[in-house]
Structures are given as structure tokens and as C-alpha cells.
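Below, each structure is written out as C-alpha cells.
Shared chain: subunit A. Partners: subunit B in the first complex, subunit C in the second.
Let's look at the complex of A and B:
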């Protein structure tokens, strides 16, 4: 490793990066927009109760629910449909009344009402639902009727830890910021190959490994720097800052590794941009899934960026620690090494 | 020129099943300009790539300044300069920035880029972006870049291809200056006139093999025929052309008779060109 050569190449690449208006503008505008977007998103949670309800035989007074202030109620025709809708994040909770509720009450019994909660529903929902059903049963029968509730949380149980939308978007935004460097690094490499400058500099004592190292360090530095800036501005380091920094660093390795691989399998800057956009869309899917619960399922774990988004989300939003994040970080590191290795081998064989 | 700068022994390279360079053997002396001539696909560029450490030979070896290109690549690279046929400069950087980058990569501590640019006639444009240069200016900068480390061996691939006469002459003069300094020049070209003018020796390469290697004069003597072209005024006032071999015993008598019996308008000697010799040796043209 020749540090003098690596420094010279990095200085050159920084100068070229700054002089390249397209990528410079893309980086600055992207960063500003993502930070701006975070701050314009709501910082509080919605206090309205969105309720789903299913009853094979609906007591007439329960229909009044739809006109309760602060409550949005949708009557479902099946329990399965109600559960799926809650799982998809359309409702905070769903109430399922037993088919013989009126008969049980008439005989002085205590019916059991099943309540399904969305994983992000606040704890007050339970109290609110109980109060609501008591009020309606009183209105129905003219006396306070007893009932029991049984609850089930659909999805990961986040009861009591509801996250504002902008914080839920934080992992998506930071992953977007990092992902931009995939295109930058792939383009930097593709330009060197397309214009023949890589061949020219390799007729000097510069080693191919030093060339890759210079590109890698610059790419990781740019991604990591932007990631830190963003997370610092949006409060992403409030919990275990060292863990978050480690996650961002490994994430930066991952995006640069993908950039190397992208450059190795494409022909020129145009194809880097084309294929790169497709790759970015794919890698963004897990982040989108973070803000829309229920959007993605198990298959998203096949996308490597899932482990980055998930780790950032759990650390920043749910107070996850080293032990919780270590598996994700391990998978990310392994994937990044494979991408770097594959990219370098293919680049060497094809061009250098 | 006794000291050998380049020694090539059975150098061989294959692209798949295609034998691009077939066990070539030659050497180049210190301070010599060797012209490497051949049509496209003859194996010239592959040879240069192997000599400059860009390709690993399949067989054989090459010694540059006594160092094995494969085993001592870094040492070899530090003492050579390469000027490519295709422009491959950092176009968004200035000429001076391009040269400074290469000086850093070569580890040259005291480097005067302005002076080098002056040598190639780019004074006053040092800080301009290369993207704004003309083709001739870019090519001159390519030549300047190959001289950044004051190399002992310079590989030049078609350095004057497609250039205007002024730029071509500037580069030719620079090549001669470098030879004067003691550098060995390995000049790959299609241009037989340039090769004839600049090269101490020329090598003809065809289908991966060196089919002839000698000084232009020796090649012409060996393969060419020397003629006298005599233009005579005919009886009807029209010019008649007559070709007389210069090396025949009867030549003096034939020429004397022409001057006595006919009205001689012009007399020119005609030598075989390197192109003629190449065709004679290989059955192919240099540019097809």
C-alpha cells in the first residue's frame, strides 16, 4: 500500500467530484431535501382513534360508533378481513363482538370481546375501547353491563412506543443518503475505465489495489460523512451514538461495495446510471416498508439494505443495543465484503 | 547503442485461441528509436502492453533496463513513459493538474510542469481545462505526460496520428530531443514516412510475428529496387516515362544513350518505400 499514491488519487477524485456539477448538485440537493423532509413531517402522533369492528350480529346502538367524535370506525364483514386491515396499518385497533353478545347480556352473562391492536397503537387505545363499549352497552340496555376483553397485538408489539412519522422515516432517509454514493462511486470507476485514464495511471508504479483502495476510502468517506451529518441534525445519535456510527460505517461500506460491483458489471457511465437507478429502487424498498407497516414481508430480508434500515430503525427509534443489532451488522459486513471482492475481481479481469 | 534497454525473448500472448504475439525476439539499444510497424491486429499493441506491464505474457520474458517486466513491474514502471494513441487525459482537470498527478504517482519530488508544457508548446494554456483543448494540444499534452518522470524508455503509440503538420513536427522534434537525452523510444506507427524519418531501426510485425527488423536503409537495400525514372519528350510532343534499374551493369550505357539520342526532360531516382517493402515481405498493406 502506497499512501502517497492513494492520497494523490483521492485528491484528484475529490476535485473531479466537486467539478462534476451533476453529482455535486445531486449530493447537496439530496442531503438538503432529506433533512428538510424530516423536519416538515409531523413530529407528533395522531390522537384520533381509528377503529375496525366486526360483529356477526351487530347490536343496533353500536352503529352509533361511526358518528362518535374523534373516532373513525369501519364495520367489517369478516374477522379475517379486520385482522388483515389492522396488520396493514389501516386501523389502530379492531373490536370483534361475539355473535351472541345480546343473548349473553340478556341472560346476565359476561361476554368476551376480542380486541386486536396494531403494533404501533398507543396504550390508551385499550382504555378508550373499554369505555366506548361500556357507554354503548349502557345506551343499549339502560344499565352498565359487564364484559371481559381479550387482546392480541398484530405484528411486532410496539404498544406504548408509538413513533412519529418523521422518526419512522429516519432510517429510510439516511439509507437514501448513503445509497446516493453507490452511484457516485460506480460512476467514478466507470469514467476512469471509459475514458482510459485507469489504464494511463496504471502505467505508473501505482498498484491496482491502491487504485481500488483510493476509490473505496473516498466513497466510504463521502457516504459516512453525509450519514453522520444527517443523523446528527435529526437526533439520530441520542441513543448509543457509537453503535449508530458503527452501523452507518458498515452501511457506507455496503453502498460502496455495491458501487464497485455495479461498475464491474456495467459498460459505461450511462449504464451505471440506468442499472444503478434500478438497484437503488430495490434497495429503498425495506426503508419504505419501515414507514408503512405491513407493506413488506419476509421476502424483504433478501434485500441487503433491509439489515441496514432495520438496524438504524431499531437503534434510533426503539432503543436497540449492540446485542440486538449485531446480527444485522454481521450480515451487512459479510455482504459488503462479498460485493467489494466480486467488484474488484471482475473489474481486474475485464479492464485492468 | 551497445547497451540494451529492451531485451525481448520469445514473448508470447494469446486471446483465447488467437495467438496475438508469437514468440517474438528482439532488442533495442539505449538511445535508439525503434519503429514498430504493422497493420491493425498484427500484435503491436499487445506487445506494448506486455512491455509496459499491462499484460502478463503467456510465455517468454522481457527485460527493460535489465529488469524483468513481470517480476519487477514497479521498478520497470518507474522508468518508462507511455504515450497512448487514444487520448486518455482527465479532461475536467487542467494540463498542469494532469501532469502534477502523474508526477505524484511517479514519486517525482521536484517537478516543473510549466517547463514541460513549454517544451510541448502549451505555454499560456497550463491552467485551462483539457476539455477545451484541440486534438493537437491534447496529443502534445499526452506526450508531455509520458515525459513527467524523465523516463529511460518511452513507448509511443501513434503519437502523431490525425494531427496537423505543425503539431506533428512539434512531437517529432520532441522525440528526437528525447533520443538526444539518451532515452530509448519504442514508436508504434502506421506512418511509414514518420518511421523512415525518425527511426534508427524498424520492425515489421505481421500476424503476431516480427517478419523483418533492420535500419530503413538496409531494408530498402535488401528488399527494394532502385530505379531511375526518366521523362522524355516524344515525337508528337507528349511526355514518355521510362524506368531504368539503377543497379544493373548496363545502366550507365542505357542512360548515356538516352541523353544522346532523345530529349531528356527530367531524371529522378526512385527508392522503395517501407510500405513497398512491407507489402513485399508480408503480402499485406500497412493500412488496410
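Let's look at the complex of A and C:
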């Protein structure tokens, strides 16, 4: 192994990477966008159904609503104020009870309750509030429903401590940042092969393994560096930073391995871009599953990036430790080694 | 113009032409994007709680619950399936309806086993039982002790994100393949100097352009139709929609031909695509954010493709409502056609790099 030559090759590759405006632009803009996107997304979860209410006379059962978990009721002193607040977008809907509601019920009558809603509010909000008002009215008039539920909470009960959307997206974003390097590495190799410079380089004292090592170190360095930068800015190292660093490092090896393999089975930079985009979309699926729970099931485990996304998500969002992540890291390492090996063997046989 | 020669060129280009990254991206990206948008944005921005039901004894309740718009209801065939769905977060709550549920509701106390997903929001945990109770009351014929009036305030309309993102999907599906296929094919021919070979046959430049344009347009139409099928957006006037897609595809293909005639390498094409993408996809941004004044959309030529598509597939309008926009789109297609005719007649063979 000739470290001086490897360093020279890496310097050349860095220059090539910087000069390739397409990937350079993708890398820089991508990183800025991902970080920007994280901070634009809401940092908390509004767990409660916000409701405005005007009730000159508050029926006792309706009063209980103000202390019920899952609802946040704001009592208004006038109907006009309630309507204005809904129009201003402070509330999606509001309930106005008539001043003589109890008297009407006591005389066996049917009072009229008005539900105001913002026309831009999703329709399910209105129907849910109507259902709520109906149920409260039944309860107030003594029509108790004869049914009971026995509940069991499955998984960690995060009531009151929900994971915000932006934190749910962290695994997807960081994995996407790493995955972009698949394209960069594959493109660096494809350019060398397309232009015939790989053969020229090998007429120097540099060995084939040195060539791959230089590309590999550069690729892993780029992916790992961006991953660290992103996670540092979005608070991804708050829990077990060493474990997160190890995960990102193994993830960086994985994307470079995939990049080697991609370069070995494609013909030129254009093919790398085309097939690479497809691979990128496929590898991003597990990350999408993290933000839309229940979207993907067991089949996602066939996608290697699942183990990276899952590990990042568990460590960053659920406080997982080394023991929880070790299986994922083992699978990732194994897969990365296979990809590296396969890519190098195919490339060596095809072109060098 | 010899149509037989054009057909031969189309056949040869389709069978022997390059099957490279552009084709892969043209075909797969819009499909994947449409699938993703449909799956993700169909649900991600909805506040509706999700209830899973394992109905042991074919109760009426799931039918009543399904008609409720305040929650999403999913059925499962076994309790283990239901538990698995709740554990994954597919549903916020899962209930098991016991044997003789319907009969017991009217006579005695019914006990329902419920599983709650640990990450379910408090409001969903509160609302799902309310909707469940409401449906059980409906089933048991309870008399509602109140009259509820619902009044909308303001004039803003609620447009779901799946609809807001539809223009982007449609534009990408029609315009990526429609532009890049003919442009890439022409640039490829110029780089490989195969246009020279074609030029010594009886095929004219116009015929070569027409053949490549037809391939791009057909691909764009197919991708547009596929995307709309995935998004479920054919509306009530499918023929009008197809007409708009055909005109949009022809426009895309014409832009691709102009680009292919004037650009000499793929890197420049991609660089222009990145800049020109803003002009092409501008209307999609206008549709995404209703706060942007609608008049801005009219500046972009692709607006006249997206607007009629949205009018038909999302707003449910008929052909009469889109005549003006379709006429403008037709006008743009004719002008672009005249431009290409000018290019094929006036560009010298040297500028088309026929002689290297």
C-alpha cells in the first residue's frame, strides 16, 4: 500500500468532485435543504383537539370536557369573539350553546347547538366535533351507553411525550444525505472508466486495491462528514453519541459499498445517474416508513437501508442502547462488506 | 414529408435507440413519485384517527363506522393481525367486536377489547371512542336530544395535499420524458455522428425530428395516463383529459426537439433542465400554496396543461369549463411547431453537427 499515491489520488478525486457541478450542487444544496427542512418542520406535537366554546349556561357534562385529556377547550365570553377567533385561524371549530339549553332539556325539548368551523378546516374536524357534541348531549340527558372497553397500550406509551414530525424525519434525512454519496462515489468511478483514466492511473506504481481504497476513503469521508454535520445541528448526538457515530460510520461504508457496486454494473455517468436515482428511491423507502407509521411492514427488512434507518431512529428517537442496535449494525456491516467485495471484483474483471 | 419513412424511423429508434438513464428516469421516476404521493400525502396530513376492527360475528357496526368521515376504519381478519397493525401504528386503536355484539348492545352491557398504539395522539384516543359510541347509538336507534347546526366561516377552501401535489406529479410525468427523450436522442445522435448516416439516406431532417418528437410525445402521454391512473384522477370527462394530455405531451416533445437541436452535450441539457425546471414546474408551486396569487400561474406555459387537468380530475368540471385554456394550449403547441419547422429549415447542417 502506497499512502503517498493514495493521498495524491484522493486529492485528484476531491478536485474532480468539486469540479463536477452536478454532484457538488446536489451535495451542497441537498445538505442545506435537509437542515433547513428540519428546522422548518414543527418542533412539537399538538396532541389535543383545540376547541372554542361559548356557553352562557354551561351544562355540567359539557363542563367536564374542559378537563378531559385530548381536548383543549377555550371558553369565550361572546359568540362574536368566538367567530372572529375561528376566522383568524386560532381555532378550526367552535361550539355555541344556547343560553337556555338546560331549561329546554328540562322541559323535554330539543335545543339547537351551533358548530362554527373555518371553511379551510379539514371536514373530519367538523364531523368529529359534531360527534363529540352529540355524545355529550346524550350523557347530559341521562342516556348512558351500556358499553365498556378494556384497553391495552401496545408499544411505548408516548402520551404527552410524542415525537415531533421533524424528529421522526431525522432518520430519513440523514440516510438520504448518506445515500447521495452513493451517486457521488459511483460517478467518480464511472468517470475514470468512461474517460480511460483508470487504466492510465494503473500504469503508475498504484495498485488496483489502492485505487479502490482512495475512492472508498473519500466516499466514506464525504458521507460520514455530512452525516455528522447534519446530526450535530439537529440534535442527533444527544443520546449515546458514540453509538450514533458508529452507526453513521457503518452507514457511510454501506453507501460507498453500494456506490462501488452501482459503478460496476453501469456503463457511464448517465447510467449511474439513472439507475442510482432508482436505487436511491428504493433505499429511502424505510425512512419514509418512519414518518408514516404502518405504511411498511415486514417486507421493508429486505431493503438494507432499513437497518440503518431503524438504528438511527431507535437511537435518536427512542433512546436505544448498544444492545438494541447491535443486530442492525452487524447486518449493515455484513452487507457493506459484500457490496464492497462484489463491486471491486466486478469492476476489476470488467474494466481493469 | 414521407409518413412511411417517419414510421420506419420511429420503429428503428424505439427498438434500437439508447435505453439509458433518461428512459429509466422518464418511466420510473413519475410512477414512483405518483405512488409515493398517493401513499404518503393521502394520509400524512390528515388529522383523522385510524380505527382497526376485528369483527368476530359480522356486526353492523363496521359498516356504520366506515361511513363516518371523522375517522378512518380498517378491518382485520384475526385478533393477531389487529394487534400487529396497532403495534406498527397502522391504526391508532384496534377493537375486537365480540360474538352477538349487535344483539347485546340493545339488551345489556357490552365489553369491547381495545388495543391502543403507544404513539397515538391524545385527541385520537379521545375522539375514536366518541365516534364509536356515536355509531353504536345510531345502530341502537337512540333519539338525538339535540339539533346541531354547522356553519362555515370564511371563504377559504380545504384542498388536501394529495390534490395540491398532483400538478407536480402530472407535470413531471408528462414533461420529463416528453422533453428529455427527444432532446437526449438528438444529442446522442449528434455525439455519435449517426445523424450524418441518416442524412445520406432519403430521410429529411424534418422527418427525423418528427419521428423523435412522436416517440417523446407517446411516452409522455403514457406516463401522464399512468400517473393519473395511480392518483385516481380521471374525473368525469376522461376524453377531455386525454386531449389535454396529448396537447401537453406534444408541447413537451416540441420543447425537447428545440433543446436537442440547440444543445450539443448531455451535461448542458441537464444544466438547462435544472434551470428550466423552474419555468416548467412553476405552476405546480402555485397550486401547492393557495396563498400565492393565482394570476402568477398564467405566466407559465405549462399552466395551460395543469389547470385543465386539475379542473377535470380534482374539481370535476367538464370540457366546457376548460375550452379557453385548451385553446391557449393549442395555440402554444402551434407556435412551438412553427418554431421547430423554422429550426429544421433554417439551421444549417453544420450547426446540427452533421459533419462533426
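Criterion: the second predicted complex is superposed on the first by the 243 of 352 C-alpha atoms of A that agree within 3 Å, B and C clash if a C-alpha of one lies under 4 Å from a C-alpha of the other, contacts with A are read in each partner's own complex, and residues count from 1 in each chain.
To be clear about the criterion, a contact is a pair of C-beta atoms (placed from the backbone, for glycine too) under 8 Å apart; a residue touches a chain by one contact, two chains touch by 3 or more.
The structure presented is a predicted model; accordingly, all values stated were derived computationally and were not measured.
Once the two structures are superposed, subunit B and subunit C can be ranked by residues of subunit A touched, with C on top. By the touch criterion defined above, A:117 lies against subunit C but remains apart from subunit B after alignment on the C-alpha atoms of chain A.
Legend: residue contacts after superposition of the two complexes on their common chain; A:201 is shown touching subunit B, with no touch to subunit C. Applying the stated contact rule after C-alpha superposition, one finds that A:314 touches neither subunit B nor subunit C. Legend: residue contacts after superposition of the two complexes on their common chain; A:239 is shown touching neither subunit B nor subunit C.
After overlaying the two complexes on the shared chain, residue contacts for A:125 are found with subunit C alone; subunit B is out of touch.
Common to the subunit B and subunit C interfaces on subunit A is no residue. The touching residues of subunit B, counted against subunit A in their complex, run 52-54, 74, 77-78, 80, 82, 84, 86-93, 97, 101-102, 104-107, 145, 149. Across the complex, subunit C is touched by residues 21-22, 25, 45, 47-49, 68-71, 83, 86-87, 105, 110-128, 130-135, 137-138, 140-141, 143, 145-160, 162-163, 270-275, 277-278, 281, 288, 291-295, 297 of subunit A. Of all residues in subunit A, those touching subunit B in their complex are 4-5, 8-9, 12, 15-16, 19-20, 195-197, 199-207.
Against subunit A, the residues of subunit C that register as touching in their complex are 20-25, 28-29, 32, 36, 39-40, 43-44, 46-48, 50, 68-71, 83, 85-91, 95, 105, 108-127, 129-131, 133-134, 136-137, 142, 144-158, 160, 266-267, 270-271, 274.
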